[in-house]
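Both complexes shown next keep subunit A, but they swap its partner, so subunit B is in the first and subunit C is in the second.
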Partner chain A sequence: MLEIRDLKVWFDVREGFAKSRPLRAVDGVDLELRAGEALGIVGESGCGKSTLARAVLRLLPPTAGKILWLGRGIEALDAAAMRPLRRDLQIVFQDPLASLDPRMTVGEIVAEPLRVHEPGLDRTARGARVRAMLERVGLSADVIARYPHEFSGGQCQRIGIARAMVLQPKLLVCDEAVSALDVSIQAQIINLIADLKRDFGTGVLFVSHNLAVVRRLCDRVLVLYLGKPMETAPTAALFARPLHPYTRALLAAVPIPDPARQPARLAATLGGELPSPLDPPSGCVFRTRCPHAAAECAERAPDFRPPNSTALATQRVACHRLEEI
Partner chain B sequence: MSDPSRGFWIDAARRLLRHRAAVVAGALIVLVTLLAAFGPAWSPHRFDAIDWENMGIAPGSTNAHWLGTDRLGRDLFVRTLQGVQISLQIGLLATLVSLCIGVAWGAIAGYVGGRLDEWMMRVVDVLYSLPYIFIVIILSTLFDRGNIQVLFLAIGAVGWLTMARIVRGQALSLRKREFIEAAIATGVSTPAIVWRHVVPNVVGPVIVYATLTIPQMILFESFLSFLGLGVQEPQASLGSLINEGAQEMESAAWLLLVPAAFLVTLLTCFNFLGDGLRDALDPREQ
Partner chain C sequence: MKESLLEIDHLSVRYPAPGGDIAAVNDFSLNLVAGECVGIVGESGAGKSQALLAAMGLLPRHARVAGSIRYGGAPFTRELRGRRVAMIFQDPMTSLTPHLRVGAQIAESLTHHLRLSGAAARARALELLRQVQVTDAERRLDQYPHELSGGMRQRVMIAIALACNPEVLIADEPTTALDVTVQAQILALLAGLKRERGMAVVIVTHDLGVVAGVADRVLVMYGGRLVESGAVADLLTTPRHPYSRALLRSMPRIDDPLDGPLHTIAGQPPSPARLPTGCAFHPRCERASDVCRSRFPALAAGRTDVACHHPVEDA
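On to the complex of A and B.
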């Protein structure tokens, strides 16, 4: 349904009078998403996962590469040509309250996609659709006359999900959709997204730094590091036998009840800081923090390839020393 | 969820009602407006009728004219109310015109941004640098002098510049907000985003600035009428009445003091109301 080939999103960064340098937020990502499938995109802060999500929806202009939506290249379409396609491409944001217009009632917010894409609908029919959707996401229909600031974060996110799902899109992008919520609320929202995905057959692109959440929801996972794919695999396979050293480090860092300590523990596992995407390491971008780095890793970027062993054919990994380690 | 409040506007109204000066000012404005609207019709005197028995009568010296008469025997109370009527009309009309143009211009420039923004704001800069008063004097000689409304439509059309700058600044910061990105992702067209998302969210500062523009426009009209460029006899505005009164202030001070008192009261009230609205609508106060 969605296919991305060698997608690059670079930003120009200017420091004073210095010549502008490209910030390689996303640097050569391939991915494929089938209808009704959930793909998790994971990585540390600043690895380009949100940029990737926004570029897929053409909220950011891609620098290079192809985005194929239902077989059609959409990477170069202008805003007007994109508009009809947006019916099937919806997004849920990280900050639930900020993504809702403070001057609109909940009813108006959820009705907006219907106004745009089904202008023929009369008021009563639209109202009925909005109420049904609000009930579907676990809110009572009488919230339509109220304003976003009257609701808690979890409820606001339900409203955001209702807005995204009211047209029953084919693709739902969730950009850190649960990261701003309490842990107990996170589970409810994840279950809601899982239910909607199953009932409507929606494909989900789930961007998160939280591996536990991704494991619960996603069929496959793509691990990004400095804008480059490190490993992709079906969720069960990835968690059972991570092949890339970076994936292993991420998984080693995961089962901590206190998420605030996670970055510290990750740094301890990996050693060193995330390099600047303005000045990525030569060869394999992960080599500066990789316990298995060899001379070869500095010279040439590894291919993103299936391992030699046929038992692992569903996985793809970018590592020179995959077979040795 | 037990809070029965119905959102931003109810909260803002509540905050405004707590602002005592603004409430008093608002009530006074309503009172003066009603008086100006219906007073002249109910009064036995017409604003341009001459009372041959009572010329240049001081307030209190006859029961027929509460606030006295001018040199031509016209009732000063009715003339002042008539003046308030015209001054308010002009203030509101000019403010409305500057509001419409300024909000539209600023919202489009700020939201669309880029080269269009550059171009639109340079136009504003150029207009800013033209001498306002000369333009208005030239306009007032071009238009039929009795037709004050047309003149103030024109003034409003020049006076939208500050409004456009205020709205543009607000729109620039709104552009980065997530709910705007959500609207783009949903496929809402640019004009619809400006109209449905940007304009409602700049309305707070706009209302405040508009409330403060009304007294400016009234003052400006008074100034023009004082120069003899505004309202023409026998019509009266507060400015022209003050002008006439000033010429006779040694012998008939009430002719100056009565319209001046109305003008000062009205301007003070609008400024207090604007102040109260700013406190009530400022999002940082929430």
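On to the complex of A and C.
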């Protein structure tokens, strides 16, 4: 359904009087998403995960590379040519309240995509679709006359999801959609997204820094670091046997509420800090924090490739030393 | 029995409001002993930060604080803040002064509290930065906060907090704004400081995984009240309060069996402006009965201390 080839999104950054330098937010990412599949895009801040998701929706202009949507290249389409495609490409943002227009009622917010993309629909039919969708996301239909500020964060996120899903899009992008929510609310929204994906067969790009959430919701995972893909694998494989040293470090750093295991996990965490994306390391971008880095890692960027072992053929990893470590 | 440092007794925090007082904290008590790490857990509005800010005398003037706060057996005074009890916050960028170099900000506390000279303060600042494992410490002294990463800034905050060798460090969501690998580094640093200096630590967090890594004891708050407290090993493995249990179950983990949908708690945490009667958790509780709606349960001692009319008992 969606295919991305060697996508690059660079920004010009000017510091003082210095000549502008490119910030390579996304630097050569390939991905594929089949209909009804959920792909998790994970990594720490500055890894390019949100930029990637926004570029896919053409909310940001790609610098280079191809974005094929249902077989058609959309990387160069202008706003007018993109408009008809937008009914199938929807997004839910992190901050639920900020992403809803405070002057519109909930009913108007959820009806807006229908007005734009299904102008033939009469008032009654539109109202029925809106009410049905609101109920589907767990809100009673009597919320339609109220305004976003009257709702809690979790309810606003349900409204945002209703707005995104009312057209039954083929692709739903969730950009840290559960990150701002309290634990008990987060669980409700995770289950809601899982149910909607299953019932509507929606493909999902799930951008998150929370690996435990991604493990629950996604079929496959793509791990990014400084704009580059480190590893991609089916979810079960990635969590059972992470192959890239960065994936391993990331998984080891996720806190688990088990007092018998967590203190030891903490003691063995990855050192160092994320390098500046304006001045990424040569060769493999992860080498400055990698416990296995060798001379060749500084010289040449590793290919993003399947491991030599056929047993691991579903995974792709960018690491020179994959077979040794 | 270890020496008790900070004793908070029957603390309550109210804010007068037109529609009736907002009860941010109700009857909160904590007895912190030397060298232990206590985690305080809860969702937004649970009162966890309010309780500690109130204990430190850091709430706005219109807050009505009642209860007793003692330190080392005597009433807590402002002079102890920064010297004996230091505090760090979630967002190191807003806690640091943007136009002062890092070295000057650490030295400020040293010259103010310990009356060190300029050169001695700078030398000590450098030593402190090294203790909190800031790389390239000498150069960092002359940098401004915006030139540092989030993790570095939190280390600088910890260095400032450690300047006067405090006996207690209060950390309010210290790693919430950080990436997981950096969070793990900061938590490992705090655990090490606690161990090496025998410093007591109170860590406020919404993440039970954070508590499991660093805390000895954990307090769970809901609707402004303490609902359960106990040793981490007990409370996180077999919680007795239905809320603690539900919170643990609704947290996605990287090591859970994925055998069915995530457990959820219906509804949402209550607003301190509109707390339910009786036990604030009763509208969301699967064990609630009539008594839960009318009367708040007292905290009763047991394997863990729990404030519940129908605690979960060991199977």
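To be clear about the criterion, the second predicted complex is superposed on the first by the 311 of 325 C-alpha atoms of A that agree within 3 Å, B and C clash if a C-alpha of one lies under 4 Å from a C-alpha of the other, contacts with A are read in each partner's own complex, and residues count from 1 in each chain.
The working rule: a residue touches a chain if its C-beta (ideal position, glycine included) is under 8 Å from a C-beta of that chain, and two chains touch if they have at least 3 such contacts.
What you see is a predicted model; the values in this text were computed from it and never measured.
In the superposition on chain A, contact of A:L171 is made with neither subunit B nor subunit C. Annotation for subunit A, partner touching more residues between subunit B and subunit C: C.
Using the contact criterion defined above for the overlaid structures, shared-chain residue A:C284 touches neither subunit B nor subunit C, since it reaches no partner.
Contacts of A:L205 after superposition: neither subunit B nor subunit C is touched.
Contacts from subunit C toward subunit A in the complex involve residues 43-44, 135, 149-152, 179-185, 187-188, 191, 206-214, 232-233, 236-237, 246-248, 250-256, 258, 261-266, 268-269, 284.
In the complex of the two chains, the subunit A residues touching subunit C come out as 44-45, 152, 154-155, 182-188, 190-191, 194, 209-213, 215-216, 239, 249-263, 265-267, 269-271, 273-274.
If you check the complex, the residues on subunit B that touch subunit A are 1, 3, 5-8, 177-179, 181-190, 192, 196-197, 200-201, 203.
Per the touch definition, subunit A reaches subunit B in the complex via residues 57, 59, 79, 82-87, 89-91, 93, 95, 98-105, 112-113, 116-117, 145-147, 149-151, 160, 163.
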